[in-house]
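Dropping the structures in below, format is structure tokens.
First chain A sits with chain B, and in the next complex the same chain sits with chain C.
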Partner chain A sequence: MSAERITRREMLKRLIIAPVGAAVLTTLEVREAAACQQRYYEPYFVAVLWEGRTRCDSLWRNLTGDVVPILPTVRGATPYDRLYWTGYALGNAPVNVNMRVWARAVDLNGMPLGNGWRAVGQATIQTPPLRWFRVEIPEGHWDEYRIEVRSATPRLVYSRLIGSQGYWKE
Partner chain B sequence: MRTRPQTLYVGTLQVGATPKDVLNQAEPLAPTFVNAEQCRAFYWTGVKGSDAPIAYTVRGGNANGWQWSASGQITGNARSWFRVVIKPPAPYNWYRFEVSGASQSLHSKITGVEEVAE
Partner chain C sequence: MPVRFLRNASELADVSMESPLPVAVTNAKPIPADPLLIATTTVTTTTGRDLMENTNAETPTLDNCGQYRKLVWFYFRAGSATTTYRILARAADLSGLPLGTGWQQLAQATLPGAANEWGRIEIPTTGDGYYDQYRIEVHRTDGANYTLVSKLVGVR
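Let's turn to the complex of A and B:
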């Protein structure tokens, strides 16, 4: 068995070029994996709406860690056509994380128009260890989103939620 | 051209058998929005008051009359969320968002996505 000593920078490079596992929201129309490959949609602006780590366990948890269903993950998402959630889980075991996406609209004072959320979709992310995953949330222009994760085996997930605005060439 | 969302309407309407727009205007020629030529899409979201479906018609036109329309139904249980996406085939100056159906309240919001010069 041989050991290889690599720098932190080299490790990051290897992580970044590792193949990407993609999960598709099961209740939604499947779209292309990458927005730039879509003939009719060309993003011109992307913004990081949330970034951090989430300790997943058997409860449905917001990416921010709470289990309070009224709290959103992100607010002020109205301008974005689409959202993308990317990340990876620490550990040597294969990843098997359930996720679901909720959305709602708010009035001019920031109060939700109604109780609860609209279910946008759900998916199961299954990837080998230390592989990146990517989920596209195509239902854009909601004001607030809540992204929840759950895992039978406790995992630490590092992830980022990106909103994109683009040109439409329909 | 870039896009910019704009909240055009937030409110509650008492839906009834008589078709009315979201501003509670029963006059079929009355527009809900004017000067909306820059809007290339409308995102109509909200919560319906009862299980009964709500029929909607969106019309586009100008002071000379309506030139385009799209119809459909807003379905779902009481207090459930809905979302209707309207993408008119051409820009119109006037739009009318009209609903009718069994008596219930409709709490909704209409966001117009405008095209703006860079």
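Let's turn to the complex of A and C:
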């Protein structure tokens, strides 16, 4: 075995021009080609709609803390295709927080078109303690949203609600 | 002398149309979604009746919508009667006159929801719109007349 002293620059050059084995190429998966054809959502504008902390307890509570069902969490969300709710729950116990999302449309005076809300969805967030979570709300362009949380174990949740506009790309 | 910048943390690239300088946009505003129509409709058994309660088949419910990629129809229905909706669309020339008579039907289905429930329908359901005119018709096939409050939003 012979040794050769080369410079770092020379070593880099050799690495770059090193041939790739044909055997390796033949075993490459071709899934990437199909992946390129799948549509994907690319946001071109995002805005923070709400940010703060919520003290969760056994009541269905708005992110802003209230338990008044008619109050929205955010208003003026019409331009956004989708919303993202990202959060972090304090405490040493595993996170087990129920959430539900409501939405409604308003007229030009800001009055809701009707009573109540549309139930957009609900979920249970279960993570180990001190982990981040993120919830995507894909049903966009509603004027107002109300996001409620509830937890059997009282805990504090820091979170941020983001609205995004984007395109579907091929 | 070309201007160069560090791209992808390790790559030195010339500034060009294909590799523009990365910038952080400040004070940007979202592209607005426009409320185009807010209407209260009494849903009856009359077919061919649009959200404006107009029964003239050639009258659009919405005009000048060519700039919108999609319309989103939000509604609140007061009654539970089975209701059929029909969404029609067409293009117009530069004077605003339809290219021809009649419409292209984009959808026809049963209006989702029960009494005192909200609904949301994207127009068109898949793909992009960019039609100039739309006509949205509703009629019930059973039950009693009820009030339908609608809001149509244009999304660019």
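Methods note: the second predicted complex is superposed on the first by the 130 of 170 C-alpha atoms of A that agree within 3 Å, B and C clash if a C-alpha of one lies under 4 Å from a C-alpha of the other, contacts with A are read in each partner's own complex, and residues count from 1 in each chain.
Simple rule for what comes next: a residue touches a chain if its C-beta (ideal position, glycine included) is under 8 Å from a C-beta of that chain, and two chains touch if they have at least 3 such contacts.
All of these numbers come straight from a predicted model, not from anything done at the bench.
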| item | value |
| --- | --- |
| Superposed partners chain B and chain C on chain A - clash or fit | clash |
| Touched partner set for A:92, first chain B, second chain C, both or neither | neither |
| Contacts of A:7 with chain B and chain C, given as first, second, both or neither | neither |
| First (chain B), second (chain C), both or neither touched by A:163 | second |
| Which superposed partner A:47 touches (first chain B, second chain C, both, neither) | second |
| Contacts of A:115 with chain B and chain C, given as first, second, both or neither | both |
| Touched partner set for A:79, first chain B, second chain C, both or neither | both |
| Common interface positions of chain A, toward chain B and toward chain C | 45, 78-79, 81, 104-108, 113-118, 139, 141-142, 165 |
| Residue ranges of chain A in contact with chain B within the complex | 44-45, 78-79, 81, 104-108, 113-118, 139, 141-142, 165, 167-168, 170 |
| In the complex with chain A, residue positions of chain B that touch it | 1-5, 7, 10, 40, 43, 45-47, 79-83, 87, 107-109, 111, 113 |
| Complex contacts: residues of chain C adjacent to chain A | 28, 30-33, 35, 38, 72, 74-76, 78, 116-120, 149-151, 153, 155 |
| Contact set on chain A toward chain C in their complex | 45, 47, 78-81, 103-108, 112-118, 139, 141-142, 163, 165 |
